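Multiple structures are listed underneath, in structure tokens.
Shared chain: chain A. Partners: chain B in the first complex, chain C in the second.
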Partner chain A sequence: MIRFKIRLALILISASVLLLFGYISSPGQELEAPPEPLPAPPTNVVISDDPNDDGHTTIVSWQLSRDDGAGLNNVMAYEIFRSTSPEGEFLQVGVMGKGLDSYIDRGEKEKTRNGEPNPRYIGAGIDYYYKMRAKSTTGTYSEFSELVVGQAKNNWYHTGKTNIMIAVLIFSGLVIYFITAAKRGKELYVRPIAGIDAVDESIGRATEMGRPILFVLGTGTAADLATIAGYTILARVAKMTADYQTKVLVPVNEPVMLAVAQETVKSAYMEAGRPDMYDEQNIFYVTAMQFPFVAAVCGLMIREQTATNFYMGIFHAESLILAETGAITGAIQISGTDQLAQLPFFIAATDYTLIGEELYAASGYLSKEALLLGPVKAQDYAKVILLTLLGLAVITWSFGWGFFKSLISTIS
Partner chain B sequence: MRKDLVWLFAGILFFGLLYLLNWGVKAISTDLLVWIGAFLTLAILSFLYQDNAFYKFAEHLFVGVSAAYWMCMGFWNTLVPNLIAKLHPPIVKGVLPAIAEKPPEYWYIIPAALGIMFLMRLSPKAPWISRWALAFIVGTTTGLNLVRYLRSDFLGQIKSTLIPVIVVENGSLSVGGSFSNIVIVVGVLCGLIYFFFSKEHKGLFGVASRVGIYILMITFGASFGYTVMARISLLVGRMRFLLGDWMGLLQ
Partner chain C sequence: MRRQIPLYIVLVCGIVFVIQFFIPSHESEFIFEYGQDWVMVIGILALPLGIWSYLRKTWLTAVKKPKERFFAGVSLFGFAIMMLTGLKRESLMAGSLYMELFEYVLIPIQATIFSLLAFYIASAAYRAFRARSVIATMLLGTAFIVMLRLIPLGPISDVNQALVGWILSVPNMAAKRGLLIGIGLGAIATCIKIILGIERTYLGRD
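Moving on, here comes the complex of A and B:
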């Protein structure tokens, strides 16, 4: 009996070993994994208009798939598709990660591209159809969500910028008030600005030496704010040179700037009662390229031996080249720019520098006209308000009270 | 002019000497364009000594070529695609086939008219017409720039200054962080006071203004050093061209 049992056990063990060997030695007979269940699609997809835009954006929001963070927990992302018709071709416009339940669909503003309709265009008042699906971690996709439709709208008022509107209204009110006050004869004080006080002296020096004056309006464009401030100072300089009968040379690098500079100088000469002195050839176009322009101006300084050089406007890498060449000729140099990177060079190499806003204020200071003085005063009062708010915001925020901080944050 | 000739001969002598000494000049460039570039570079650099005929030549060449280049660029990159192609697209079929198929946009007659008005400056009878175009260009561009400046300079600065002057890190006061923020806030406030024009800078106001200008000067000093380094790299670039590309002294 025992022998029989031993034999039976041996037979069973042998059979087991054979079965195991057979399983291992027969490749391709692996056990197939059961198909992975697909994730559930997102639900309740809603299309709404972006409330503060110009009609090229919609907001797509949805309820997360039940397999996102729960259930099968296999959702990796959501894909958003858009079309202009329910049966049309759907374009994938966005992908959002798991756990996110909205997408801002910023459409392009051009209707056509290279003569073809632009599929990424979104326009106001047009029906756009959306559908979505969830993508699983293994790359499979859920069914599409239900088709929904929505429109973008033009919004006339940006609700988040009410504070800016109030700030602009206050500033405009201040400008109007100070212009009106100046027109009524109220004297508006503007503190002396060293660089501007030196203008008269430098023109007088040029006259005594019998040498011309050079006025460079920079290498910006005719409508840059600093260039416009430069025109006002040019007008003042030109008027004085007309009085003193001194030549003023104005090389420019832009055709529009040439026209404005010629008009400015011409008006100044007429105002001074010396239109006969005006020579259009003294205000001339050189070239629009930066360094050839600089090469020509440097040559001009040396050859004409200008006694006074003014640099007023937008300047770039040429600032130090011009100022150093002017220094070599022994000219008095007065500069002014709002370009932060160039101010150090002007400060180092010229005699007087109008730093940033001093250049803008100089126009009002020089002309004493109500229209120019008013904004300078209004800016000062706006600065007082800003300083107060900024100081309050920083101090109160440091102690945990964020009212002023949030007030300023919405403006900026 | 005599000095110019002296410099010319000195230059020839210098390179002749290099050649005689056989000092690396064997590798000198044989490319004509490199030689022209080297000559023009040296001609411009000769201004460091004084104004001379070579500098004048290079300057006039530079100005003339660039003015002509910009005129061509202005015609082909601005007038052709932005005006001519808009008003009569088929005319640009040879150069801009993508635009040639588009329908004409006749409202571009307005900028065309403004351009013609601007050119009236050349007319001796009605140059005043150009002022209208000027006013339009300067006015609209200034208005657009104003918003850009307001956003980038003014509002950006306010945003960067909105920082707490008492910085707490990991539950305790950060002395370094607080000091840094105090310097920024005080710097901005004093800087703004310096740019206040309605009051004479005397007394406490004057002290704050002086602190403001000191901070500005420190900033400018740092900016000066930083920008000079960038300019030095331009000089290095030119020197590499002269010593490497041209003379072949650098490997």
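Moving on, here comes the complex of A and C:
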């Protein structure tokens, strides 16, 4: 009997334990984890126009959700939606991370794409409706913010370029002042540049050796400023070669450049009084492709054994190949470019290098004309003004005063 | 008069495009793009000029210079083949003879020329880094330190990295920015000279 009671008690205890375990492990309503609270939406959404564009951009700004960095602190990002009507389909146009309170909505400029209206298009003067929501770290979303409307405008003045305009006006004023001063007879001192001084000597050497001169205008286009500066030096070189009766070879990589180079050399020969010496065959088009052009010019150097090589204009990876081939043939080499990456190669491999601005200043140096020397002098003064301004900006900004820094800053 | 008209065109276009730089409106953008399109149109119109120059020069080389006749012949043959294979509309599609020649003949040849650069860098570096003066020695020393950045140097790697970082971001950057300021001013000065008609070499003779 006692044994039976013990057995019964054990059965009852086991049943109770099992029941209790089942109760705890069952998905009962009372023990379910509470739903994660949703983040609060961003507030005070404002749509404004980008003041410096052509009417295809708006700026969306907002006040951060109260759960962004505070409160529940569960905001991960903000999603921005746009539509052309309050009831229309809203397109998600951007996502910004937590802590950020503005988004630049750069719309596309094409109204249609593949014959269909382009949903990413933003046009000036059209109402665009925006709404936003916050996304939590667990992927849930807040409610949408209030619907706001705004327009992009076609702007007629870039407010971020005012300082550039003032600088251009001041510099133009300096140029005109120095040109006028030079025309009145004021002597303008410009520091000597070894590369330009060596032009006469190098042409004389080629004449003495009875070998031709090679002039390469680079692999840029005819309209590049460095190429235009190259034409000026070519004119001077061609005039001297006409005087000395030395052949000048000008291979080019662009048809427009060919026409300009031919005209430049022709006029230089006429100016020198030797139009009979001009041979159009010496200024010729090779190819527009970079390395075939290099191969052709290097071959020319080796076959013709040019005594002097000029490289004036825009150069890329070919600069060192050309200059080293010229060095192998023993030619005197004068280079000039405004390409910073190629300057070290030219400095290492050629005898003289016109560095950046010296290339642009060459026309003034070579001609010594007042009209051309004025801008060179103006450049020097502009550099003094600019360096003073930079120095002041660095010093005053170090002490927390941003006036001079703002003068040299631009808004893109 | 032959020279005055282009100068007036340059003056007007120059002023218009300077003003255009400060106006972001789409009308202004249109003028800019229209101008760019014209540059392209002029380039295409001038293309026959280039082809004629190339053909005449190469032909005359073949005729007048027996030593170069073979190479001139190869060049003219290549020109003819590429032109003939490129005439068809589908020649730009993958697998066409034109594209095969482009990818398996022209590109390897270009790569070969480009690869010469590796050897030329070595010979140019040898000349540039010779310690002929105090400045050249400083250049050599600096280049040596910068090159060591790519080599593991054990305990002094961090020091070298910091030193190279300073060289690149302070003296090197200062020099580059100084050059850029000069280039910028030189470019503006050249633009002013061109717009005002002071710089007119590119127009040729009167």
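Operating definition for what follows: the second predicted complex is superposed on the first by the 297 of 412 C-alpha atoms of A that agree within 3 Å, B and C clash if a C-alpha of one lies under 4 Å from a C-alpha of the other, contacts with A are read in each partner's own complex, and residues count from 1 in each chain.
By our rule, contacts are C-beta pairs under 8 Å (C-beta built on N, C-alpha and C of every residue); 3 or more make two chains touch, one makes a residue touch a chain.
Predicted, not measured: the structure shown is a model, and the values here were computed from it.
In the superposition on chain A, A:V175 makes contact with chain C only, while chain B stays out of contact range. In the superposition on chain A, contact of A:T43 is made with neither chain B nor chain C.
In the superposed pair of complexes, A:W397 makes contact with chain B only, with no contact to chain C.
Of the two partner chains placed by superposition, A:S102 touches none, neither chain B nor chain C.
By the document's definition of touching, neither partner reaches A:N73: not chain B, not chain C. Using the contact criterion defined above for the overlaid structures, shared-chain residue A:Q63 touches neither chain B nor chain C, since it reaches no partner.
After overlaying the two complexes on the shared chain, residue contacts for A:A361 are found with chain B and with chain C alike.
When chain A is checked against chain B and against chain C, the one touching more of its residues turns out to be C. Looking at the shared chain after the overlay, A:N155 reaches chain C, while chain B stays out of its contact range. When both complexes are overlaid on chain A, the residue A:V260 reaches chain B and chain C alike. The intersection of chain A residues touching chain B with those touching chain C, taken from the two complexes, comprises 221, 223, 225, 228, 256, 259-260, 263, 286-289, 291-292, 295, 299, 303, 317, 320, 340, 343-345, 347-348, 355-358, 361, 376, 383, 386. Per the touch definition, chain C reaches chain A in the complex via residues 18, 21-29, 39, 42-43, 46-51, 53-54, 56-57, 60, 68, 71, 106, 109-110, 113-114, 116-117, 120-121, 123-125, 127-128, 176, 179-183, 185-194, 198-199, 201-205. Listed in rising order, the residues of chain A touching chain C in the complex are 52-56, 109, 124, 154-158, 161, 164-165, 168, 171-172, 175, 179, 221, 223, 225, 228-229, 231-232, 234-235, 254-256, 258-260, 263-264, 266-267, 270-271, 281, 284-292, 294-295, 299, 303, 317, 320-321, 323-324, 327, 338, 340, 343-345, 347-349, 355-361, 363, 371-372, 375-376, 378-379, 382-383, 386.
Note for the complex: chain A touches chain B at residues 114-115, 188-191, 193, 221-225, 228, 256, 259-260, 263, 286-289, 291-293, 295-296, 298-299, 302-303, 317, 320, 340-341, 343-345, 347-348, 355-358, 361, 365, 376-377, 380-381, 383-384, 386-387, 390-391, 393-395, 397-399, 405, 408-409, 411-412. Of all residues in chain B, only 44, 47, 50-51, 55-56, 58-59, 62-63, 65-67, 69-70, 98, 101-102, 118, 121, 130-131, 134, 137-138, 140-142, 145-146, 149, 155-156, 158-159, 161-166, 185, 188-189, 192-193, 195-201, 216-217, 220-221, 223-224, 227, 231 touch chain A in the complex they form.
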